[in-house]
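Look for chain A in each of the two complexes below; its partner is chain B in the first and chain C in the second.
And then the complex of A and B:
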C-alpha cells in the first residue's frame, strides 16, 4: 500500500492537470449542496462527503455527442459531400468516484468494448474510456439509499478503478488496481505504508437470488406492475442519474442547408417516445410497462446477454426520485409471492 | 384510530382509491401512496414532510373515482384542472388538510445526508443534533402562504391549526441577485443554469398542470421546436416552451423545482410570469373550480372539451 497526505491531494491533481482534464465532485454554485462531477481547477473545493446527483458516465457516454459532420462542397472541391468523423482522444482523470460508479464502468465495458469475434466495438466509447483514469474513493460510510452490499463485493469492489484511495487519519492509503494506477501511485507525493486498510461501509441489502427468473415469470402480470409502480411519474431521472443505464438515440441536425451532423444523445426507456413506433402503436404505453422494462433489463436481460447485473447499488434513483419511489421496494415486490 | 385515517376510510364509500402519503421505512419521511382498500389507509400519514403535490396523478387516473388528500396549495391545482375541464369534478373527493408548512426535505438531506431523521416540534426543526427555526427550512412557497384553507374541499381531515404564516422571505441569495440583473446578465445566468439540464423531464412529469405529457413539444421530433440535444440553449428553449404554456395556469406549487435533480431555480421564471398574470388579470391560477381562467375564455360550448 502507498500513502498520500490530505494536503498533497491538490498537488497531485494539479500535476495531473498538466496532461489531462481533472474531474472531481463539486458543489454547484448557487445551489444548496447539489453535487455534480465537473472539471476541477486549482483551488477548487472538492466535495467528498455528499453524494453526487448524477454519475460521471458522461465522461464515457456524453449526454450529447457528435458522431460525424458533413458539408456540401462547391464545384471543383472534389467529392460533392465531405464527411468528417469524430474520434475522441481526450485524456481525463476523475478523482472521487465511488466503487459503485467505477464498477458500472466495468459493466459498460462489457457492452461497448466487446472484444470477442463478431461483436461490436464502439469507437467513441473506446476512445474516451482508454483516455480515462479513475481514482476511486472507497466508502467507509454510507446512507440509507446505498445498497452495494447486495452485490458480491459491495464497497470493496475494485472493477473499473485504476487506483483506490482508502481514507485514513491524515490522508489516504492508495491501492493500485491497474498499470495506470501503479504508475500514478509511484510518484513522490506518495510513500510506502504498512497501515491497515479501514473497514468499509456495509450497506442495506436487497435479496437478489432468483430475481433473473422471477422477472421473466412476472412479465405478463401487468396488474402487478401497475400496482408496484403506481406513484411513478415516468420521468427520466433514474435512468439519467444511473451509472449503468446507457441507452441513446441517434439523430441528424442540419446547420443551415449546406452542413450538419449526426449526433447521439441519452434516451431513457421511461419515456413514452422511447418505444413509439412509426405506425403510432406503442408497446409500452404506460409507466408500468416502462418500469418493468427498466428493472428487467437491469436484473434479467442484461445479465442473460452479458453476464453482468446492470445495477451497482449507488442509490441515486432512490435519493433523487421526485415521487419518493424506492427502487428496492419494487425489487422486493417482484421477489415476493 | 385517528380522525385523519378515519376520514380517509369513510371516503371509500364513494371512491375506487385514495391518494395520500405513507411513511417510507428507508427515508423516514412521507412518500406518495395509493390506497385501494380501507385497510391500506391505516398507514396514511400527514405531517410536514408531505411536500408532494399528488394532484399530478388525477388526470392520469381518468375514469376512476378518486379521493385525494390535498393541502391548500394542492387544492388550487385541483381547482385549476376542474376550471379547465381537464378533470371531472364529480369523480373527485377532495379530502382537505390544513397544512403546517412543508419542510424542504430534499435540501435538508443534501446538507445532512439522505434519510436523516427530521424532528419538527414547537416551531423548531432538528436534524443531526442541529436545531433551526422552522421558517429557515420551509419550502419557498410556504413562506407567505395565502392558501392555508383549501379552495376546493369535500371533507376536512384535520391537520395543523391555523398559526401565523411565516412571512415571505426577503429575497436572498440567488433570488436577490437575480432581481438585480440586467437582461444581458439574466441571459448569461440562464445559460449557466441550463448547462446542467439533462432533459430528464422530471419538471414536466411532476407538474400537475402539464397536460401534453407523452406528446410534449419539449420532446417532439416533429415539429422540432427544440432538438433532442442535451445542451444549454436547446434545454433552455425547451423549458421556455413549457413555461409559456403555464401562463395563467401555474399555481406556484413548486413541484418542478423540487423535482429538478440538478437544482435549476425554475420558480424564478414561473414566479415572474405568475406576477405578470396577477397584475394584468387579477387572477391567480386555481382561484376556484367555477372561475373562468382569463387566458382560456373561449366559448367552451363550441368546443367539445372535457376529460377524455
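And then the complex of A and C:
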C-alpha cells in the first residue's frame, strides 16, 4: 500500500491537470448545494464527504454527443452529402468516484467495448474510455439508499478503478488496481505505508440470488407490475441518474444552411415515446410494461447477454425518485414469489 | 446458427452512414414507394453483399434515418432497393425524394433468412402489404437459385388491389410455371379478378403440406398472428416457420436499447426469427 497525505491531494491533482482534464466532486452553488462531478481547477474545493447527485457517466457517455457532421455540396445538377465522423480523444482523470460508479464503467465496457460476435465496438465510447483514469474513493460509510453490499464485493469492488484511495487518519492509503494506477501511485507525493485499510461501508442488502429467473417468471403478471408502478411518473430520473443506464436516442440538428450534425443523447426506457412507433403502435404502452422491461433488462437480459448485472447498488434511483419508488421493494417482492 | 449475420459496411464507425444517391423511384401504391440507390463511393457498391431479410437504415441528414428491409435481391449488383411506406416524419421526407437526390445509408444490418439451410425444401412465402418488401428480396433470391429448392408457393395479400406492391414483378411471378403465386385482396373490387379474402383464409382454402417445408411470413401484426395460427393448424412446427419483425430502432447495432423482445434485439439478433426462437422463454411475449 502507498500513502498520500491529505494536503498533497491538490498537488497531485495539479500535476495531473498538466496532461489531462481533472474532474472531482464539487458543490454546485445552487439553491440546494448539489454535489456533482465537474472539471477541477487549481484552488478549487473538493467535496469528498457527500455523494454526487449524478455519476459522471457523462465522461464516457455525454448527455449529448455529436456522432458526425454533414454538409450538402453542389454536384452537377444535384447535391451530394459530405460526412465527417467525430473521434473523441480526451484525457481525463476523475478523482473521488465511488466504487459503485467505477464498477458501472466496467459494466458498460462489457457492452460498448465488446469484441464478441455480432457486437459492434462503439468508437465514441472507446475514445473517451481509453483516455480515462479513475481514482476511486472507497466508502467507509453509506446511507439508507446504498445497497452495494448486495453484490459480491460490495464496497470493496475494484472493477473499473485504476487506483483506490482508502481514507485513513491524515490522508489516504492508495491501492493500485491497474498499470495506470501503479504509475500514478509511484510518484513522490506517495510513500510506502504499512497502515491497515479502514473498514469499508456495509450497506443494506437485497437478495439477488435467482433474480434473473424470478423476474422472467413474474414477467407476465401485469397486475403485479401495475401495482409496482402505481406511483411511477415515467419521468426518467432513474435512468439519467443511473451510472449503468446507457440507452440513447439519435437525432439530427441542422444549421439551416444544408449542414449540421447527427447526435445521440441519453434516453430513458420509462418514457412513453421510447418505443412508440410512427404507426401509433407502442409495444410498451403502460409504465407497468416499461418497468418490467427495465428491471428484466438490468437483472435478466444484460446478465444473460453480457455477463454483468446492469446495476451496482449506488442507490441514486431510490434517493432521487420524485415518487419515492424504491425498486428494492419490487425486487424483494419478486424474490418472495 | 439459424440466421445469417453480416457486419455492417462500416464496422469501425457503425453509426456513421455512407452517402448514396437515388437512381430511381418506383411508385408501388398510394403510400409506398421503392427507392433504388447506389453508394457515392463505387467501391462500396461493388463490395456490398447481404442476405435476404437483412435491414438497413436510410435517412436524410438533417431529418433523420429509419429502418427498412432491403427489398432487392443480393444478385442485383446495380443498386440496392428500400421500399418505404409513408408513415411518419422521416418516411414523409423520404417520399419527397426523386432520382438524383442524396441520402445516407447504413447497411446491411441484422440477420437475414438462413436460406442455405432450406436447400431441397418446399418454400412457402406469405406476405401482407409492405411486409412483402423483405420477402421480395427472399423470393428473387430463391428464384436466382430455383433448382436448389422444392416447390415454391407465394401468398401475397393487401387491402385493395392498389395496395399490392411490386406490380412489375408480380406479372413475372404469375407467369412463371416454377412458382405458384397467389395474390389476394381483402374484399371484392371492380376490375380485380384474383382471389379475395384475408391471407389466412386463402391459405386454409389451398392448404400447403408441412412435410419437408419452410414457411416465411411478414406483414401487419394481425396478419402474422392469424397466419401463424393457420400454419400451425396445418401441422407446421415452430422450427419450420420464420418471420421478420419490426420495432422502433435508432442505432441498429444493439446499443440504444429499445428494440428488444426479451433478451433479443430485433436489430442484431433479428429481424428474422424462427417461431421456435420467439417461443423461447427469454423472448416470448417479452415486448
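As a convention for this text, the second predicted complex is superposed on the first by the 325 of 337 C-alpha atoms of A that agree within 3 Å, B and C clash if a C-alpha of one lies under 4 Å from a C-alpha of the other, contacts with A are read in each partner's own complex, and residues count from 1 in each chain.
What we mean here is this: a residue touches a chain if its C-beta (ideal position, glycine included) is under 8 Å from a C-beta of that chain, and two chains touch if they have at least 3 such contacts.
Note that the structure is a prediction, hence the values are computed from the model and not measured.
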| item | value |
| --- | --- |
| Partners on chain A (chain B, chain C) - clash or fit | fit |
| First, second, both or neither for A:64, with chain B first and chain C second | first |
| Partner chain in contact with A:99 - chain B first, chain C second, else both or neither | neither |
| Contacts of A:54 with chain B and chain C, given as first, second, both or neither | first |
| Contacts of A:251 with chain B and chain C, given as first, second, both or neither | both |
| Partner chain(s) touched by A:72 [first = chain B, second = chain C, both, neither] | second |
| Partner chain(s) touched by A:260 [first = chain B, second = chain C, both, neither] | second |
| First (chain B), second (chain C), both or neither touched by A:296 | second |
| Touched partner set for A:288, first chain B, second chain C, both or neither | neither |
| Chain C versus chain B - closest C-alpha approach in the superposed model, Å | 7 |
| Chain B/chain C common contact set on chain A | 249, 251, 253 |
| Interfacial residue positions of chain A with respect to chain C in the complex | 67-68, 70, 72, 77-83, 85, 111-112, 117-124, 216, 219-220, 246-254, 258, 260, 262, 264, 267, 269, 274-279, 281, 283-284, 289, 293, 296-297, 300-301, 304-305 |
| In the complex with chain A, residue positions of chain C that touch it | 5, 8, 11-19, 21, 40, 59, 61-66, 87-91, 100-104, 221, 246-248, 250-251, 253-258, 260, 262-263, 268-269, 281-282, 285-287 |
| Touching residues (chain side chain B, partner chain A) in the complex | 24, 26-27, 29-34, 36, 52, 56-57, 107, 109-111, 113-115, 173-174, 196, 198-202, 204-206, 213-214, 219, 221, 227-231, 255, 258-259, 261-263, 265 |
| Residues of chain A that touch chain B when the two form their complex | 28, 30-36, 50-51, 53-54, 63-64, 143-145, 204, 227, 230-231, 233-237, 239-241, 249, 251, 253, 263, 265-266, 268, 271-273, 315, 318-320, 322-326, 328 |
